[in-house]
Amino acid sequence: MNATQVDLSVKVGKLELDYPTFMGSGCYGSGEEFAPFVDLARIGAVVLKSVTRLPRLGNPTPRLVHTPAGMLNAIGLQNPGIEWYLEHDVKKFAERPCAVVGSVAGFSVDDYAYTCERLAARDEIAAIELNISCPNVAHEGETFACDPNLTANVVRAARATTDKTLIVKLSPNVTDIAGIARVAESAGADALAVINTVRGMAIDVETWKPRLGNVTGGLSGPAIRPIAVLAVYEVARAVKIPIVGQGGIETTSDALEFFLAGASAISIGTGNFTDPRIPVRIADELAAYLAARNVASLRQIIGKANVGFANPYQYEGDEG
Amino acid sequence: MNATQVDLSVKVGKLELDYPTFMGSGCYGSGEEFAPFVDLARIGAVVLKSVTRLPRLGNPTPRLVHTPAGMLNAIGLQNPGIEWYLEHDVKKFAERPCAVVGSVAGFSVDDYAYTCERLAARDEIAAIELNISCPNVAHEGETFACDPNLTANVVRAARATTDKTLIVKLSPNVTDIAGIARVAESAGADALAVINTVRGMAIDVETWKPRLGNVTGGLSGPAIRPIAVLAVYEVARAVKIPIVGQGGIETTSDALEFFLAGASAISIGTGNFTDPRIPVRIADELAAYLAARNVASLRQIIGKANVGFANPYQYEGDEG
Amino acid sequence: MLVGLHAPELVRVTRPGHFAMVIPPSGERAATALGIYEAHGERASLLFFEVGKRTRELGSLKIGDQLGLLGPLGNGFTLGQARNVAIVAGGVGIASVLLPAQAALAAGARVRLFYGARTKELLVERERFANEGCEVLVATDDGSDGHRGYVTDLLANAHDKPDLILACGPTPMLRAVARVAGEINVPAQLSLEETFACGVGGCWGCVVPLVRTSAQAPSFPPAERQGSDVVYARICKEGPVFWAHELRW
Amino acid sequence: MLVGLHAPELVRVTRPGHFAMVIPPSGERAATALGIYEAHGERASLLFFEVGKRTRELGSLKIGDQLGLLGPLGNGFTLGQARNVAIVAGGVGIASVLLPAQAALAAGARVRLFYGARTKELLVERERFANEGCEVLVATDDGSDGHRGYVTDLLANAHDKPDLILACGPTPMLRAVARVAGEINVPAQLSLEETFACGVGGCWGCVVPLVRTSAQAPSFPPAERQGSDVVYARICKEGPVFWAHELRW
């Protein structure tokens, strides 16, 4: 088989994409910023920076720190608020040669529903991602995605406002992500984004101050990839809706781990800061990988990680 | 001040150590394995590989995989069981020129109590670490450290068996580690080890099989350091007992982050696989660091991270 | 370390004060922001100290290696009609000020370089600036060369008042330049440094507070809608060069 | 890549089949297990392909750089009274078999090297073995040199039966060697490869199942207490060399 014959298209809710690549919210501006370096027609979708009901200045600086094979960020959802956004920004998104997914954040169920409804009503927006898992704004780590009841309420409320594809973004900072995933599915999510950043902190040992103005931040990049692959694997076994896998994807091999674990699409965030050509390279190499194995469509390998290990030997204590 | 005048000694429960460095359970054998390369008299304590009531063959292979700035392991508590261990292994520990801390794992409250009592009774063992957070043996990620009630029961039972220092090792794979820490403190823990490994997974994209025989494993190394620093920081604000901070420590600067976040001692696991000289280098450099700042004792900097940030500017939405 | 690049396309569009995001040869680390030091004909160059993982990796490049970079990026220095330009560089800040020095000299202006570093050995490339036609005044923290103390002392005490100050260096130095510029009442442009992630305006990680009246951050709601006259502008996109008086440090 | 080391102390205690844990120059990665290729006088050497992050980093070392390593480690090959030794090497496994070849030759044995690789270019150092006095037979997967196919085909079809087989290479090759050795009834020692963490027996990450009767894992409870006659032995400590018939693959 020839790589050009391979079908990389995926379906995420009602969203039909030629390429299985999302660009992670908050990492890719509105796509325009990266357009000089990447052909946006060769990516699946840009997920916009999360927007809130009211304008937010965001967190004090510094907002970024590099860590081993990753980074911490604490942007704090800087954004102009939904009104200004609808008036000034959204119309430009129609120019993008890829799908544009709006991202909505908030601080109450009402906030989410309001912002979601206003944004989803716009033609320029193909789908909505509900960011209920931003680790940089909530108090004491209590985000919506850390509590099953809050998750159910906020997803149900957002669901009621639109028929467009609703992707709910989950947090890894929980004891049981599969349980939260089930709740989000029952409450009406069309798809799940797995995972948002992992909570972390770094301290400057010269000044004794936290390296982030917000004290704590969200860890992303290759460092968290094993955590994300497992989260996708567990969530895929718990729900029937598609998953947009993310966390540290930089190479085709990384992307394949997520597909095999059960993701229907992948998202690249921090990887774009290493090299903006990554999404296009992954699309090309995925096609070659599948062609070399005579697999006609990417969809055929989703969730196909083979865990049929036998454990041939055991002692009494191993049953423990 | 001269580096030789700096006091690096720490107290963890009743354990008084000249150096604030523990060698992480499961990473350092019984110390003997590293003795050809490191002067064990220059470290604080070796935490032994966890032992269980019955012998365990452990997990099928492969058990290790390298990941960006870290590694996944799934050893599965291979050990000869407490009877054999007491009979054949423990007496050799008396030769070590550093403190030897026993580590106890189990599958029921009774297991823990039994093994803890037997081990703690031995003079060669200076203290007990209760490993209630091994991610590689429990079903569906349900380890004792993921549930406040189980934590309370197992710590209380172990506490009743010994007066020796009892260190309880916590899992980062929870929504609220500070809450679990409070429970462990109330149940009688003398100290807390923060953190055990983070659950993760890697998939071989050639064979489509998980890279670990156990499918999932525990992530350690520099990749998880920001997660561990935050965990220590949050736990230190929740409890009064000392914390043994761990997760990705390789350098003196890494160690200092943990002390400033609130750890009374640090533990080095995966770092020993990068370079076994790390613990001794850290002791030397800690002394120099403190001397250069005219700090007479390491204890003076514990928990001194300065989080007095002002947030000078705000918009309406920032209060959200 | 000075890395020369065969990059005619880059040279063609580079203006003084521009920077580039240099793609790490081996992944797992964010790209590195580096000022464009030289840009002439087919050759551009990058100047950096090997201080951390990424710059050390760049330092191990061999002649003939390919290097990916995004650039030129950002808004650079504007010389306007300046006739007497003072350039203040601290440490590796020197990497961003050769191009503006050359441009000012080419326009016939007098150019003084006030150049500070911790110690003599770190005063790299000073002959280069002298050869280009700059007057070079140096300061070192340890007094191993030139004035012992801050480079801003030299600026504050300079007899002949410049009509424009351009500066690049560590933030404490830039704050001092801003203060001195205010005292002697000379407009100053500062090239700021901050940890970058994307470098192209996509992540809002590299911001600095500006007075909102600035035309440099137009795509944000006006002050009266915010309850604050401050806006966080992106150093990589709206900067890295800002007028000192617009900063709300 | 062949890295020569000035390491007289290491040479003194190195025996055939020993390996070393090489400390990464820049942290953040586990040490790398590498066989000790040469050990003579004051000079030892390491032979490796630059396949991943750590070996690439080692490959960028310059002459004069210092390199930390732990070693020699493990239990190596034992030649006993063997007069006719067949050494089977696959790919970079060649790095662990020069010392046993030299030892066997020095003891007056006949030594044949059965050397396989994917393709001709990967058959490194074959002249070296010939110069030492080995008969060299090669196989490549693509037939670009010698037999087209597996190196174990050559071993199975060899006319003159060896009295000892030593092998190092990828696990599938070692399994084939074990099978052939069983068929032709010749004892075989295999040097196993597995991902290592500590390399010194401290983490139990690198295990392989052995029949429990083995004297190689003495510090473990006897079979009757386990309900299993298998024990997981550490490749880094009880190995890396094991008798083929003791393995429970």
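Letters are used for the chains, namely A, B, C and D, taken in the order the chains are written, and counting of residues starts over at 1 for each.
The rule is simple: a residue touches a chain if its C-beta (ideal position, glycine included) is under 8 Å from a C-beta of that chain, and two chains touch if they have at least 3 such contacts.
What you see is a predicted model; the values in this text were computed from it and never measured.
Asker: Count how many hops through touching chains it takes, at the least, to reach chain B starting from chain A.
Answerer: Graph distance in the chain contact network comes out at 1.
Asker: Counting C-beta pairs in contact, does B-D beat B-C or the other way around?
Answerer: Spelling it out, more C-beta pairs touch across B-D than across the other pair.
Asker: What whole-number Å value describes the gap between the mean CA coordinates of chain A and chain C?
Answerer: Comparing mean C-alpha positions, chain C is 35 Å from chain A.
Asker: When the centre of a chain is set as the mean of its C-alpha atoms, what distance in Å lies between chain B and chain C?
Answerer: That gives a centre separation of 45 Å.
Asker: Mind checking the centre-to-centre distance between chain C and chain D? Centres are C-alpha means, answer in whole Å.
Answerer: About 54 Å, centre to centre.
Asker: Provide the list of chain B residues touching at least two other chains, using ranges where the numbers run on.
Answerer: Chain B, residues with two or more chain partners: 55, 57-58, 68-69, 81, 221-222, 312-316.
Asker: Indicate the residues of chain C shared as contacts by at least two other chains.
Answerer: Those would be 28, 209, 226, 228, 230, 232.
Asker: Quick one: label the inter-chain contact graph as line, ring, star, complete or other.
Answerer: complete
Asker: Where on chain B is chain A touching in the complex?
Answerer: The contact residues of chain B facing chain A are 52-60, 67-70, 72, 76, 79, 81, 106-107, 111, 137, 141, 146, 173-176, 198-203, 205, 207-210, 213, 215-217, 219, 221-227, 229-230, 233-234, 248, 253, 256-257, 260-261, 289, 301, 304-307, 309-318, 320.
Asker: If you look only at chain C, which of its residues touch chain A in the complex?
Answerer: On the chain C side, the touching residues are 23-24, 27-31, 68, 70, 194-209, 219-221, 225-226, 228, 230-232, 237.
Asker: Show which residues of chain B lie in contact with chain D when the two form their complex.
Answerer: Touch list, chain B to chain D: 26-29, 33-34, 36-37, 49, 55, 57-58, 61-66, 69, 71, 73, 75, 78, 80-81, 84, 88-89, 221-222, 250-251, 270, 272-277.
Asker: Show which residues of chain C lie in contact with chain D when the two form their complex.
Answerer: Result: residues 26, 53, 56, 60 of chain C touch chain D.
Asker: Which chain B residues qualify as touching chain C in the complex?
Answerer: Result: residues 68-69, 312-316 of chain B touch chain C.
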